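Heads up, the next two complexes both have chain A, just with different partners, chain B and then chain C.
Up next, the complex of A and B:
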């Protein structure tokens, strides 16, 4: 099991988890899942941060490289933690049917978060409804989040270019009232010349 | 307040100068000083010098393993009617050999009748701040005892001298083995014994110490009598008169010295060594003559350190050899360098141990939910917060 973290806060729209190893959190925009034994909730990583383990203590500049810190101040690593937040986008009941909308109840605190398998990501992103769900989160970096999620999903689809074009059309359609938002997402998922050449 | 402190500082300066003169005289006495100190019958606690009186350069040691423990507690609360207490011990294990750190804390709740109503000094009493403090000290000793290994440096916070628990060690002899005092002294003796067995170094660190055993030693030097005997002080009896030296005309905050030993009053050891030590140096080694140390299996020695920002005191068991002392002091200097003036392992042990207000509220809430807390009418009214 590729354990990415343990949930410390959860709601029907978001979950917050602590990574088991500092500095080893999941990638922004990647797809994750958590299961309580009967229901699996899927989400997209919307925020990753490295913070002090104690909210009342801040890290201060120490003027040392990480190699020097490990040798001279090894406790520093123990006092930092990596936390991440994921926006819920779908869930599946025990029978396996995927529901591309928010779960009826939040995931449980202390359940583990894992990375979705490539097959799960394909199932989860085939109908593109996650874009609408992410767009409704209202978070300030929604443009970056949707673009990162589409890029993350595209790599798992058989024809990446076709998928990106479909996703671009979905974005244009969903955000047709907000040209700036739609165009900024599309700019961020555009296939680069290098990617075209590789195909 | 600033004006008052400045005036006091101005008046203390001549006293410090007298202490420094006495220090010079003491240094010249050589081995005679130790004989004079040991023969003195004083009403104050006098340090016994074990080395020549001068500053010793120290080299910080960089490669070692340090263990440190510190504790915190939640006391039984009269208004919350919580008949239990909590002791939380933080333990830090940092290896600069392997570049690893382990930070842990172990809370324990004491609730049984024998714990909340224990024998203290021969009679049963409700566990108060002193009892819980003793339990906490014993838990700190136990945590270190279980963790130490050969060549590790074990650090504690505060003094090893448990004068606050029992100033008269002779009283300990008749106490029951289950008595809080007996158990606390036993925990310290067991820890020190284990450290000696496994070959670990032990140091207890006092930041900003208010002790004055060394200045009291200088009072023995300042005294005109030989041998020194406070019970037969000719200045107290009026047989002799003393004319104060270096007094500031019109000074009023400190009483004018009426006998030679008062010339160095109220100088502390820390202010004395601030004048005698440079950063990175330690004082000579001294032995504590605190009565309470008689209850220990081993005497307690100490040195003062100039760690840069302040003078601190380091206490350690007398079995610490001169070379082990150099390693211990070198490690403590390194700890202070790494911890911005205070041993980093102790600072982290404190952070692990500390019981924050939110933790305290959770503990009380848990106690309330389990039906062991019933707030007093006064506290309940305060918490309602209604108009």
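Up next, the complex of A and C:
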């Protein structure tokens, strides 16, 4: 089991988790899941940060490389933590089908967060509704988030280019009224025609 | 699905009625509009393509009248994406294509017959490419009285002309030079002869309907009516010497007696003979005085022996000088080889007899391609037909035991000469075009300058076969009196010369663009069916 973190805050739309190892958080835009034993909630990583474990004490510049720090002041690493946030996009009841909308209750605090398997990512992203859910989160960097999520999903689909075109159309459709916004996302997911589709 | 798979699917889908899009808006009056599906490339949809729309209760039949590009957001037009991927993504979301349709006919689900449309399909009804079965439903299958003339664009099912309806009205074959008018006309005439629906009379100005004609491009000899039907077709030659040079043995030589020429025939030739209004009045006066049969002969005789002054002195309202000028002008007619002082064998009578016996007549003009000869002969023969058919029809109507005269189709090349607005009201051809339908005579007008034809006559044409036309006026006049002319004009503008024609009118359920069938195959099959023995097989049956 590849444990990415432990939940420290959760709502029906978002969860916040702490990574077990500092600097080893999940990638922005990657798909994660957490299970409370009966329900699995799926999310997209929307924010990753490295912060001091004590919110009242910021890290200060030390003027050394990490190599020197590890040798001379190994406790520094212990004072830092890696945290991430994920936006909930879907859930599945035990033995049930995947529901591509928000879960009825938030995931539990202290449950573990794991990376989704490639098969789960394909299931989760096949119908593209995650794009609309992410679009509705209202977070400031929504264009980057949607583009990153689409890119991370596309690699798992049979024909990457076909998938990107479909996803791009969903984006164009979602932001019909705002061509600038739509095209900025589309430009972030484009493949050049010469690029070989990944299988 | 990989791109190769997509390409393969697109290819195989072409063979059946592949979906093209969905109806998004429209009205019965203005036509309906369909949005193309995103996987349909706009360049694949051609104007003139025959399509069907599946409504909830009816299937509608239409041609594609226009293809358009549309967009949902103006911003995209300000900065058009240059990237292939972005263009592909935007296709179907921000940009899309639509097609304009004008359904003409519908067939209710579970019924057989097609009916004219009185409603339109609902929102989101599927538009499909028509299948061959759809074409057969609308345009019928080949039968004894239906002539397959070609196939709709990119299809393999035949479009048939209903010949029974075709011969009932005056019709036209239009198209600029080199669009295959004479091939089409021959095909139509051969269809009529084969179906035995009418007698056919052809005024064959360019020698294309008798034995052979030559394809101007390929120089290949094409069999004409006599070659196909043998003795059922009689060739009359105005210029036997020319016929012999072309190795055609005419059945008869055309001979016209001066007494056969009437004032009306000469009125038609006004511009060819430079006749002034006063001279037309003089001719009428002389004909009244000296008799319609003998005035011309007497006039020319008097002119020849110098007695003209004495002859006309006593006739009020006629001036000797004017009559002398008239006689000089009319010499042009008398000098024609086929015009004789008197004849033993009246060509017109022979032709009438043959036509009444349901045989067919082609009058070849040989080297005499001047309008004077052509129009004079045509006028005299047609006038006689007019009289005779009218008489026969009236007799038959009065006495139920007598048979009606056979349906007759008179084929007229360079028809604008006979049916110009000035000529149409004075000459026999205008009368036939307007009213001879009642007497079983109709015209098949063949012309490259349809704008020269009187609008009233043009509007009464039953069925039109229209090839490519360049001239604006010609384009609008061929559609004179046709419903939806504006929409058809688009189809007309997109015809491929020599290959495609727009068909429409009385003998067809709806207007349609077809790729014309191969004439040689047609002629071969028709001749075989007509039972004519092969003679010059190697000349054209290759």
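What we mean here is this: the second predicted complex is superposed on the first by the 192 of 199 C-alpha atoms of A that agree within 3 Å, B and C clash if a C-alpha of one lies under 4 Å from a C-alpha of the other, contacts with A are read in each partner's own complex, and residues count from 1 in each chain.
One rule holds for everything that comes next: a contact is a pair of C-beta atoms (placed from the backbone, for glycine too) under 8 Å apart; a residue touches a chain by one contact, two chains touch by 3 or more.
Source: prediction; values computed, not measured.
Colleague: Should chain B and chain C be called a clash or a fit once both complexes are overlaid on chain A?
Modeller: Fit: chain B and chain C sit side by side once superposed on chain A.
Colleague: Once the shared chain is lined up, is A:187 touching chain B (first), chain C (second), both, or neither of them?
Modeller: In the superposed model, A:187 contacts chain C only, not chain B.
Colleague: Is the number of chain A residues in contact higher for chain B or for chain C?
Modeller: C
Colleague: Who does A:164 touch here: chain B (first), chain C (second), both, or neither?
Modeller: After superposition on chain A, A:164 lies in contact with chain C alone.
Colleague: If you stack the two complexes on chain A, which partner ends up touching A:77: first (chain B), second (chain C), both, or neither?
Modeller: It touches chain B, and chain C stays clear.
Colleague: Per the contact definition in the header, classify A:20: touching chain B only (first), chain C only (second), both, or neither.
Modeller: In the superposition, A:20 contacts neither chain B nor chain C.
Colleague: After the superposition, pull out the minimum Cα separation from chain B to chain C in whole angstrom, please.
Modeller: Minimum over all C-alpha pairs: 51 Å.
Colleague: Any idea which chain B residues touch chain A in the complex?
Modeller: Within the complex, chain B contacts chain A at residues 62, 92, 94-96, 99-103, 338, 344-345, 348, 351, 356.
Colleague: Under the definition above, what is the set of chain C residues touching chain A in their complex?
Modeller: Against chain A, the touching part of chain C is residues 1-2, 38, 72-73, 75-76, 81, 83-86, 88-90, 92-94.
Colleague: Mind pulling up the chain A residues that touch chain B in the complex?
Modeller: For chain A paired with chain B, touching residues are 54, 56-57, 70-75, 77-79.
Colleague: In their shared complex, at which residues does chain A touch chain C?
Modeller: Chain A reaches chain C through residues 159, 161-162, 164-165, 168-169, 171-173, 176-177, 179-180, 182-183, 186-187, 190-193.
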